[in-house]
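Notes for the one structure printed next.
Letters are used for the chains, namely A, B, C and D, taken in the order the chains are written, and counting of residues starts over at 1 for each.
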Amino acid sequence: MHAVFRPSGSEHAGRQWRAFHLIVLAAGLLAVALLSVEGLPPSLDRLLTVIVEAVAIVFFAEYVARLWTAPESARFAGLSDGMARLRWALSANGLISLMAVVPIIAVTSGTIHADSDAVPIFCVLWILKLNVHAPAMNTLARVIANERASLASVVIIFVMVLVTAATFTHLLERHRQPELFGSIPDALWWAVVTLTTTGYGDVVPHTVGGKMVGSVVMVSGILVLALMTGILATGFSEEERRREYLRVWDQVTRVPLFTQLGTVTLSEIVSKLRVRHYPARIVVVRRDEPGDSMFFISEGEVEVRLTRGSVTLSQGGFFGEMALLDRLPRSATVVTSQPTTLLVLYASDFYEIAANIPSLVEAVEHEARRRRAENLGTVAKTDAS
Amino acid sequence: MHAVFRPSGSEHAGRQWRAFHLIVLAAGLLAVALLSVEGLPPSLDRLLTVIVEAVAIVFFAEYVARLWTAPESARFAGLSDGMARLRWALSANGLISLMAVVPIIAVTSGTIHADSDAVPIFCVLWILKLNVHAPAMNTLARVIANERASLASVVIIFVMVLVTAATFTHLLERHRQPELFGSIPDALWWAVVTLTTTGYGDVVPHTVGGKMVGSVVMVSGILVLALMTGILATGFSEEERRREYLRVWDQVTRVPLFTQLGTVTLSEIVSKLRVRHYPARIVVVRRDEPGDSMFFISEGEVEVRLTRGSVTLSQGGFFGEMALLDRLPRSATVVTSQPTTLLVLYASDFYEIAANIPSLVEAVEHEARRRRAENLGTVAKTDAS
Amino acid sequence: MHAVFRPSGSEHAGRQWRAFHLIVLAAGLLAVALLSVEGLPPSLDRLLTVIVEAVAIVFFAEYVARLWTAPESARFAGLSDGMARLRWALSANGLISLMAVVPIIAVTSGTIHADSDAVPIFCVLWILKLNVHAPAMNTLARVIANERASLASVVIIFVMVLVTAATFTHLLERHRQPELFGSIPDALWWAVVTLTTTGYGDVVPHTVGGKMVGSVVMVSGILVLALMTGILATGFSEEERRREYLRVWDQVTRVPLFTQLGTVTLSEIVSKLRVRHYPARIVVVRRDEPGDSMFFISEGEVEVRLTRGSVTLSQGGFFGEMALLDRLPRSATVVTSQPTTLLVLYASDFYEIAANIPSLVEAVEHEARRRRAENLGTVAKTDAS
Amino acid sequence: MHAVFRPSGSEHAGRQWRAFHLIVLAAGLLAVALLSVEGLPPSLDRLLTVIVEAVAIVFFAEYVARLWTAPESARFAGLSDGMARLRWALSANGLISLMAVVPIIAVTSGTIHADSDAVPIFCVLWILKLNVHAPAMNTLARVIANERASLASVVIIFVMVLVTAATFTHLLERHRQPELFGSIPDALWWAVVTLTTTGYGDVVPHTVGGKMVGSVVMVSGILVLALMTGILATGFSEEERRREYLRVWDQVTRVPLFTQLGTVTLSEIVSKLRVRHYPARIVVVRRDEPGDSMFFISEGEVEVRLTRGSVTLSQGGFFGEMALLDRLPRSATVVTSQPTTLLVLYASDFYEIAANIPSLVEAVEHEARRRRAENLGTVAKTDAS
């Protein structure tokens, strides 16, 4: 009923690539920003130009690589290699990627600083690459899409307040401050600054009427913010629940303890579990700290550091159950030995489930007893060595 | 147990009318705003005046049309045509619509720009027409109505902080800044600007005492905003759930797959489905992308674009079930061929329902198998052609 | 299992008294505020002084009345009349009420405007009387009390950011702006203004380091606001649910339709109903509008205006069920004929309940059929007259 | 299945120590802040220096005490005393604690005010000690950790808006305001101030294009704030539910009334109860006030003040049930006689539970009847004395 898409093997390489990409991106944006400062010493100016060029070349290499591997993408499955590459090159992604590198290489390699405006304008396209590093961008986009009717209504309220306030303040303040409230567009600037509660103070009403309109606008600003937050909070909560359920569902079948349960029971447990991804060498639980959750390993491997030795647990294993069964502090420190995906079951959810699914508790308790005995053996062996 | 109100046939015309209305409205408001700018070239001034006049005429035509069709409205059902029109003309809606057009036509056709103040004042009434374009305005209004007791309390806290802060700051700052804090009304302006965290900076306390009061007011501002948001978020979440349930309920009976279920089961599924309206020629799912939802067509028609041919699905049909049953990427691109209403079932909800209603899963699986075989036939036929 | 505290008879008088109280209070505060303006014409000054005095006298009369009726309060049940009055006079409420009137009467009747400071200071105590008009103040207070641990933590984060930012900005900006960042207390003022995102602009960092610290403070400000809102939203939602449940519970037993249900069923319905209080002569539903709820009368009386006549429904009656049973628009306008308390059942909740409690639906349907027939009779009778 | 960690006996001492710690900390920070003011009278300067030194000495004593008792900590369980102390001294906590005291003692005892900068820098480390006083800091930290993917996405949106806005405004405003928008870093300062809706007003766009970009940035600021709040509100609500469940679970077994229930029933009740900690001599309920909750004592002791005498209830007892059973006002005032932990059951939850668990209601009713009779006896006895 489910399958994994991401190839587990190349995940580590992917993470390293992302880190490198982020560093190059940050360096590039920083260099572009500093280049815009007037009166830099020529040597620094040259260095920054070289950095911008280097970053552009890295992104150009990325462009070529993506173009080359376009046929591997599932999106162009039925096409010939040439057609797939052409299609990608003409897609929005392909065009933006090209525009983000070619002009910069042209400008910087040709007449450096002659027309420095072109550099920042095209480099702004780099910022779109940040998208790759935002894991939950999809969720946010879907929340906004799902709630678009409500958000549009708030935007319309926003515009209604804006236009009404600008018109009245223009009429009220025009004679006292002709240069600031002389026209409705001028007054609109004030209205935006006020309604968002930014309040620069460059334009401020002086008449009593203008101040009254201003007060209403400020309070409306709070209301608009509150409505928008309310809408997004509701939408986000629902979307997040859905996403998490699917993430858990994709992981849960790797844990034999769960797969032996019936469908109804499984579906209930899935809604209680949480997925957590950990890089290698991260401490998941620490000895002697109080604990309120147990962990199931759906991918990767952890090292359980007991007092005098350590045990390795891999896919399908679980740990931390003592904190739930006996409410005792952690009896061992657990460290990931490779990038690991864990399913977390919080104590509160465990007790709720436990009442309805005694078989799970039994299985956990039985496994715990078995492992405790085995651990004693391991410890004894470690002592002997 | 339910019926549809909106006449499906005139929906398309309605959408086109709304788009035209919005463009006219925007043009009108923009022209009024620009007209208020001093020192425009006479030709532009004349053009803008003509636009304002044209918009007013469109709205006047709308007024006449609404007046004429008033007897068709269910609201004036028992009345004679004349009485119905008179009643509408004297209703708030009718009077506002009249005031929003007649004065402008009078002013602009008579002495242009002589008394330009009249134009913006009456045009502000146009902004009320934006209301039509806000689909969720009703929901927001009901949330505010339902939570009025809580909101009133927050407003009272707001007023209490405002008056207390203004009084004390007036007493503390009066001697240092007599022109800014010389009276309580003056100090109230500062208090509003501060409590809403707008902070123009035109009035700022200088004494240590005044700054302390100011700090308390700012922190109170955050608290007031947080309380208001909390209230509205709670109310919005509840209202939205209710609305969505009804929307689904009105659509769900057009899908035979659902109507054959019992009432208890149906009621559970309704709370899980979501309604989505799509215009024509919109891509609903894209081939090879991962999917987490399936779709039921309650109105309209979609085109399923398979690798080598396409199939049309209409009311009662469903698609996207493979993403749920096998967790595979989308096997086809689906595009709406007319304005279409879909019922979305997310994977997380499908699995939860599946556990309790095996009959639905069976029905979906059976239908899917049947359609897969049929599709093969379609494809074969397409190949042959 | 429950009882009503509020005496229904005096409710109307109470509402009138509250309206009068609010007007007096507003007039008093307005007069005090205006009195602080310098250079008023002597006649206006005299008028305002008279108003302040009159308000003080009203509040003094209120004080005497409350002192007199103290023995009636349940709080002093076991005491003699004299003791009860003494106890009330010495309670916080009593002392504040006294201080809010005696000094003002003394000052204004004696040397008017001689020492005008005393007036606003003591009048600030009037603002505490606003409390009476905030129906949900209790709920808000309890939310803040329940979440005090979380809120305290946010306040501590607030203080930590404040002090750290002030110290570093003081060190960084001291040399460039000695008069604004010369000491940590000076820098604290800037930090508060920035962390609350008020941003007066009277104090702004000029060094690069100061601007970086400032940026961190502003972003922290957003985080603090978001955390506080999150905490209060969660708490408010839970508290509101509890309150509403009790309010419904206190009303539900007056509707025979509900009381004949079993405890389990009743408890489920109670969590779905909502209480709404309406004054007299309010339109609850309007003919021909779409409806999504039905109403049960737990107190008061409504008039159902049918096409050609009207019917009166009183306690225990219900209306609006056609919108739920058949999803039709309202067939009549319903207006309250006295202050009325209604229990609202939304369509979404009705369908959910209906699946589990067929007996309720049956009862509603049966009653609806009976009343429809009866209404026909009424209409016929009206026709005959 | 559970155990208590905190030693109940030393809890009182711990509370006193925390109060003392907080006062010392506040005094220290205040003294450091005041010391930074220029031109203090020498005597005050000396006093403040002495206070700073005294606070540093107290914290040094705390450092020594913590170093000494390090071996008692469970964290260094297997180690010798010396090793445990060395490990603690070299831990982050140990090093910070040392740096927070040694330099200050050195500076102030040696050359006072000679290099006053060192004092505030090292004293900032004191602020980290505030952490101890934030009871819910852990919850907040975990919410932020759990939602880190979503928050990171919001931060990336934040950075994307920031960089894009700064680049465009730089290009648009550069010629009009070369000193304020002359470089992208300069424009970034404006963008941060605007996107957080702080709006100092020290840098404001003057061109039409700049104002348009500015308007978009301000509205984005509201969206960013709304998204962040939505994320944190969702996360906080879930985390709080989990924590509270565990807190109740740890307390519930001390109340015999609950332990005699089955596991399924118990698990349901636990999710309804709330834990409240009260210091000694606090009024929990007040006679004659309306009540909506009953209380179970899981730790400590309360005094029930009846009309003519009082009864003591200790661990396992309960009170306030009359408000639930009969919806009557409180019949007695209840005051804690020592620090007490109560489990609160709100009326709304009681009625919901009652429907499913008649045995609990029976137990409460039976106990209530018994205690009522007993109380009568107590009252009689008190009368006799």
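Throughout what follows, contacts are C-beta pairs under 8 Å (C-beta built on N, C-alpha and C of every residue); 3 or more make two chains touch, one makes a residue touch a chain.
These figures come from a predicted structure and were not determined experimentally.
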Magnitude of the superposing rotation for chain B and chain C (Cα, nearest 5°): 90
Of B-D and A-D, whichever chain pair has more C-beta contact pairs: A-D
Type of chain C:chain D copy interface by residue overlap (half), same or different: different
Whole-Å gap between the CA centroids of chain A and chain D: 28
Gap in Å, rounded to a whole number, between the CA centres of chain D and chain B: 39
Residue list for chain D, restricted to those that touch at least two other chains: 185, 197-201, 225, 229, 231, 233-234, 237
Footprint of chain A on chain B - complex, ascending: 29, 32-34, 36-38, 117, 120-121, 123-124, 127-128, 130-131, 133-137, 139-140, 143, 158, 189, 192-193, 196-202, 224-225, 228-229, 231-237, 240, 274, 287-288, 290, 292, 307, 325-329, 346-349, 351-352, 354-356
Sites on chain B touched by chain C in the complex: 1-3, 5, 74-75, 77-78, 146, 149-150, 152-154, 156-157, 159-160, 163-164, 166-168, 170-171, 182-185, 188, 194, 197-201, 204, 208, 211, 214-215, 218-219, 221-223, 225-227, 229-231, 233-234, 237, 241-243, 245-246, 249-250, 263-264, 266-268, 270-271
Interface residues, chain B side, partner chain D - complex: 197-201, 229, 233
